[in-house]
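Attaching a single structure in structure tokens format; questions to follow.
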Amino acid sequence: MSAPDESIPSMPTPDIIMDFGRLQRCGIEEAVFCEFKRSEQIEHILSLAKEKQHRLLLTRLTPEKFVQLSESWIRQLEYNPTAHCAVFGDNVSLAAPTRIGIISGGSSDASVCEEIKTTLNFHGIGCDLHQDIGVAGLWRLQERLPVLRHYAIIIAVAGMEAALPTVISGLVNAPIIAVPTSVGYGIASGGHVALNACLASCAGGVMTMNIDNGYGAAVAAIRIYKQIVG
Amino acid sequence: MSAPDESIPSMPTPDIIMDFGRLQRCGIEEAVFCEFKRSEQIEHILSLAKEKQHRLLLTRLTPEKFVQLSESWIRQLEYNPTAHCAVFGDNVSLAAPTRIGIISGGSSDASVCEEIKTTLNFHGIGCDLHQDIGVAGLWRLQERLPVLRHYAIIIAVAGMEAALPTVISGLVNAPIIAVPTSVGYGIASGGHVALNACLASCAGGVMTMNIDNGYGAAVAAIRIYKQIVG
Amino acid sequence: MSAPDESIPSMPTPDIIMDFGRLQRCGIEEAVFCEFKRSEQIEHILSLAKEKQHRLLLTRLTPEKFVQLSESWIRQLEYNPTAHCAVFGDNVSLAAPTRIGIISGGSSDASVCEEIKTTLNFHGIGCDLHQDIGVAGLWRLQERLPVLRHYAIIIAVAGMEAALPTVISGLVNAPIIAVPTSVGYGIASGGHVALNACLASCAGGVMTMNIDNGYGAAVAAIRIYKQIVG
Amino acid sequence: MSAPDESIPSMPTPDIIMDFGRLQRCGIEEAVFCEFKRSEQIEHILSLAKEKQHRLLLTRLTPEKFVQLSESWIRQLEYNPTAHCAVFGDNVSLAAPTRIGIISGGSSDASVCEEIKTTLNFHGIGCDLHQDIGVAGLWRLQERLPVLRHYAIIIAVAGMEAALPTVISGLVNAPIIAVPTSVGYGIASGGHVALNACLASCAGGVMTMNIDNGYGAAVAAIRIYKQIVG
Amino acid sequence: MSAPDESIPSMPTPDIIMDFGRLQRCGIEEAVFCEFKRSEQIEHILSLAKEKQHRLLLTRLTPEKFVQLSESWIRQLEYNPTAHCAVFGDNVSLAAPTRIGIISGGSSDASVCEEIKTTLNFHGIGCDLHQDIGVAGLWRLQERLPVLRHYAIIIAVAGMEAALPTVISGLVNAPIIAVPTSVGYGIASGGHVALNACLASCAGGVMTMNIDNGYGAAVAAIRIYKQIVG
Amino acid sequence: MSAPDESIPSMPTPDIIMDFGRLQRCGIEEAVFCEFKRSEQIEHILSLAKEKQHRLLLTRLTPEKFVQLSESWIRQLEYNPTAHCAVFGDNVSLAAPTRIGIISGGSSDASVCEEIKTTLNFHGIGCDLHQDIGVAGLWRLQERLPVLRHYAIIIAVAGMEAALPTVISGLVNAPIIAVPTSVGYGIASGGHVALNACLASCAGGVMTMNIDNGYGAAVAAIRIYKQIVG
Amino acid sequence: MSAPDESIPSMPTPDIIMDFGRLQRCGIEEAVFCEFKRSEQIEHILSLAKEKQHRLLLTRLTPEKFVQLSESWIRQLEYNPTAHCAVFGDNVSLAAPTRIGIISGGSSDASVCEEIKTTLNFHGIGCDLHQDIGVAGLWRLQERLPVLRHYAIIIAVAGMEAALPTVISGLVNAPIIAVPTSVGYGIASGGHVALNACLASCAGGVMTMNIDNGYGAAVAAIRIYKQIVG
Amino acid sequence: MSAPDESIPSMPTPDIIMDFGRLQRCGIEEAVFCEFKRSEQIEHILSLAKEKQHRLLLTRLTPEKFVQLSESWIRQLEYNPTAHCAVFGDNVSLAAPTRIGIISGGSSDASVCEEIKTTLNFHGIGCDLHQDIGVAGLWRLQERLPVLRHYAIIIAVAGMEAALPTVISGLVNAPIIAVPTSVGYGIASGGHVALNACLASCAGGVMTMNIDNGYGAAVAAIRIYKQIVG
């Protein structure tokens, strides 16, 4: 939907219940999924966070929607245009050493990889990115194997036929979180083939997220990470 | 397919490559998925395991198929008819304390729950079962919450509309592995609605397995467990 | 389709049969579904209503399409931009007490909630809105339970995995009308997962409407309401 | 799955939580969905009900499965082979007058109609059946209209292209609960076309149940009925 | 795709084989389906027709695409903006009496109805339009029945749940050609529910076209018509 | 479902409304679709027909179901085991000349072809069968073309990728009724690919029936035939 | 469908057109797809072949159906029960050297592999089988690479998530024909995930066959082979 | 996505691994699939190619995206706007004689045909195009048959119901690579019907590519071609 022009009636902001207590209850910070929200709703939520002095992660905030926010809010946000994420509030330092590796099949998957990284970093957790190492050119994956074998958690991001999670699962011991992406065309359009291939993996123990759900993969990894590091 | 009658020509056993080195490489024991294998193939694999003195887990072995095995093999297997699993070789003692909880929506999901438990136990890992606590009667889940909050990993098994993983995910900190089951009819027939509901969960971090994939959920849990306990 | 520019030939308005006798026959006022109608068709229908001195409810009238109507019509309509609804004619007073409660999973479902409210109010029936109380944060729903238990009819609006109708159905006695919404992405894109989860609900008696069909849910509630209040 | 032969190992009965308090909480009696349960599970549940002196409704109990129950249980059940339902415990008398009408498209839908009737009667609520009045022969429906217009609730059962709920909805004021059935072949196989046609109905206010979900339709009707009769 | 701007390289016109001999072979005039063709391709085809002095019917030519044609061609075409059709060449007079009736469920189906009418008229065959007589308000259809019973062929156009072809088929003797339309939302989005309902019709002998295929329905009717009138 | 054994409780026959007046109203004789009916229901219908001295066509009556009828009824029926059809009552002589041609892609489509033929013959209308002339061996179709061009109506029966209706439609003038069949495997399993290929045909005017709906194709042909022969 | 019992009426054999000239026209021998044919039809075809002294390949002939053929025909056929294929007529010697390699993901794919081999051998063309080398255990594939790189054509057979064709395609130069199999469960049931993964392969040039279509893969390979060897 | 306006933050280019060694390993030049890449990514890749002095094929580069590249790059690329392809680097001369024929069903398939041709030519391999010879007008195909029978490889491109690959496969000996296209509407929208019809082809040996995958078809043809010409 294009930006509403001036003559369109302004809409009242419906009541929104922010869950700023979630960190205490679940160990996960409050995040706002912006895809189905209008600018006014996002700005209203930011006001609430500012008032309560809470940090906030905004996901699925496209560059087009970001620039529609008021100048004042744009200045107060740290925006990652590849990740389609913005952070309100201070950055936190990352715990060492890095225990999470993110691998991806192609450079078109970059947006999902960055959403995962931004979400992890927002929670003070570091990660390494290994992009564009899909199995159609197996040597790219094999070169990285010695490094990949050291991670405690691996998040495998892939579109098209998404063979990457299956192949990596047979090569390492770590838990594998698969994130199928919507990169694909024809029969693979929208990411459903990638999703199904992850679910059907003959390699034992691949765990799958919804298509393009980088945020969810990061939260899943954080839950595991917190059990590991205590 | 009913059992082939005597006059049907017997089939030669194709070459099978057993991966008895998997334990060393991946930390997971060799298992045999029996659903698409004939009795002769299963017996051939058992012979190989016996010869190499390897333990073996047989999954998706229905009671009907189990009783078609030769008397000799039936005697050497420990069979769990609800789990549709059989174990060849000695049991191993379970590590304490129990860190994994399995919860299920209804008593019709018992087969998948037992497959998970059998697989975990085969690897020397204990677990608790909390069955029939689906969200249509929320009090059943709420009663168990104090216990559920102590597990390091929760595996949530549910058919029909599979709301259980979403609800539990908002109530505990542990990583949640969702296993949709094929329990359902009409639009929910085959378990696709349950699968999709798990993937679409608005609760952050639910990780999903293929429909009825109890074995895979157990392997995923083992990978996480080994990172936690070192 | 973008607005046709001036040089595009104007189209003759096809014959339209307005059913202004429906109130007598079915107890439901005439409403106009605007999504597949052009501005000229909508204005033509308004003229007919004005001529016959009939009230009219316009649904699925986006802000973009609303502002394309002629200035004269815009002034004569009461427009709710969140509901995408406009009312032509006088408001009617609402019957007391309020017997219908509308609950929704997230603030992104606001448009459907408002369409339901507008339709009910147009027929002189009041309702309460309880938004953003989805089951991923169960405490939000539980806080409202004492109030929710007093309604004669509950309309539950939810997207994503739509667990809300199932959970509420186990907690109250009232009939539950579920309205799945198109809020979702990946596998949940378009609202099909929400729809199927409502239909597959293991909680007895959930009745389901088409995706985003707030108007239909209101009409169903009116039919029930009229049986209750006589 | 055919009945297990004698040599198949017997399975332990998993823990089952009966919800005999549901009548107090929700106004609906406990019912047991038998489709995915084995004979032993059903007999175990019956024992619990007998012990607690509770009435019980068994649904989706096919004649094949019914005759596999022990002779003793068969004698204690009142079985309706068309409805695939059995009642344990005393019948209750039906409240007058009859307020619920069930209509169906064809004689092949009889099983679903009878499941609805059995469920309503089990709760002490009467209903009338008007079967085989599908819209391909519209005169059959029109003949019944004077009667149909007197019901407070109408449940419309139809397979194939399921036009019946749409047509009846335009002819009466009562709330319409649509139950699509799995009667159909080719593109209509399994009842998905019937389901979708009910959901897509252009007639306002049709409420839809899952395919063949006669039990759910009856529970929905009971919830409405209790609001009407107080 | 928006109109290419000036700086986009122009594309060579690929070889196109016009089938101007089709009238002799099949009794159907040459028509051009414009939806997947660029303006240059359409103009090239018009040039070929002009050169050969052949009449031409252009279908699926949206107002947006029509105004992109050169001024010269626009002047030589008779354009019907509702039908999205244009005619090149002289009109032919219509044979009497009218033997074909077109009925539609709602005014949103007007575009398909007009495509059918334009195609029939282009071949010198008349027809009557009866729009907005869907079965949710059955009285509208019943009023027209005496007229509808006189047609030799009926084309029934309907979106949403498309019950119209089923109902009319039980009321008249003529062959029924059903044209499902893409008018619908949610589960009915794109017209698939309408299509499937036509195919699954329990009324004997309904023949179905692809979604929105008004042109094809007209050609089918012409084939039948020519057999009837000799 | 296998035949119920003796100990299964017998079911009461629900009320069935036979439409013996259909011949007068629609020109089509009463037929009984047996697929979803039990033996008792079929025998009950036969009794009604015998009582009223009406002819009856039984379709979708498999050999397995046919032999379950009582000896007495089996003797009174003329059964075509390939067509899965039985006729009760006298045969009628066929009108000359033959105006309808049935063509099929492969010998596996024989059942549908025979259902069409039996239905036409039951109504006193003759037809010719041209089987096994699919387009993968185009010479088979081309050899028959001179004959095929003389029919007033062609019914094209095909499974798999169902290219036959498209190819024949470009070679003759007659109306084409396409009947996709369930002959196919893998992606073509159940006949959905054949159905969709018929609907998507780029050849103008192909009219499509539901999968395996030979009866419906015959009824459609009869409606056209009656318009042609007056 | 179980074997028809004796009392079921025998069915006349419809006309079958055998294409014994296909070898001359297309280089491919006549083959008979038995899945949808009854025993009588198969025996009739064998009689025709014997009469014309033609060799014949029977595919999709299950052991259950094979033993239903008359004793006389069983003796004259060479049957491969894993391949579900039978050969009528003399074997031909295989051309050297072997240019075609068949690889498969798991031992459950053996039936499809053997169908390919039988078809190739029937045409006098040899091949090597490398089974059970799926990518979940990548070392199995890598061990075979030096051999696999020498084939002129590789046929890759895989079920589940079917990553094998993608991985092999990046490692060799030969054309790759992918055959997805129906081995899979849950979301992968029926082989659709495997099919889609092959089609969506990000590795350039993978060519895909229908699910389980071993015969078709062999014919495709023969067409390529004949171009290579002249 | 429309072109980002000036005020949108620029995005850093993620690491891209170009596989310039692929020609040596697989015989296929490096190509870049541009559909999911932004202008900056494409320009970055071009810079790498220029630096390494490598030729490069850009596919799925729409005219809209092409003109967004910087003037400097536009001048250095040879762009084919119908094929949506651009070539960086020198052309190579084509090997004689031409062994590959491309045939297509309609002129709307031109884009895919040109992508195939551009890819083949980029690798120094010639081909002939025979467009608009679909089977609805069979004479067009038959006229070309004498020429088509001389190709060593045929690539058949078709949308809608895609009967062309099936028909051509029965008329020539060469291997057939089918490329379904997204040309179609209603049920055929997106090309899925065309895809499935190719896969389900009853003609032996048709090999299928993903929808619109002209590049992949060319690579498959090159792999076969290199085996033929050595």
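Quick notes on this one:
We just call them A, B, C, D, E, F, G and H in the order they show up, numbering each chain from 1.
As a convention for this text, contacts are C-beta pairs under 8 Å (C-beta built on N, C-alpha and C of every residue); 3 or more make two chains touch, one makes a residue touch a chain.
Model, not experiment: these values are computed from the prediction.
Among the remaining chains, the Cα-based centre furthest from that of chain H is the centre of D.
Distances between chain centres, each the mean of the C-alpha atoms, put B farthest from chain E.
For the pair chain C and chain G, the distance between C-alpha centroids works out to 55 Å. Inter-chain centre distance (chain B to chain F, centres taken as mean C-alpha positions): 47 Å.
Between chain B and chain G, the centres computed from C-alpha atoms are 33 Å apart. The distance from the centre of chain B to the centre of chain H, with each centre set as the mean of the Cα atoms, comes to 45 Å. Shared contact sites, meaning residues of chain F that touch two or more other chains, fall at 137, 170, 186-188, 192, 195, 199-201, 204, 210.
Chain pairs that touch, as defined above: A-B, A-C, A-G, A-H, B-C, B-D, B-G, C-D, C-E, D-E, D-F, E-F, E-H, F-G, F-H, G-H. Taken in their complex, chain D has these residues touching chain B: 1, 4-5, 7-12, 14-17, 19, 22, 33, 35-37, 41, 60, 182, 190-192, 195, 210-213.
Of all residues in chain F, only 26-28, 31, 152-153, 170, 172-177, 195, 199-201, 204-210, 215-216, 219-220, 222-224, 226-228 touch chain E in the complex they form.
Those residues of chain A that touch chain H in the complex are listed here as 63-64, 66-67, 79, 81-82, 107-108, 110, 113-114, 131-133, 137, 140, 183, 185-189.
Contact residues on chain C toward chain B in their complex (touch as defined above): 105-106, 134-138, 160-163, 166-167, 169-171, 184, 186-188, 192-194, 196-204.
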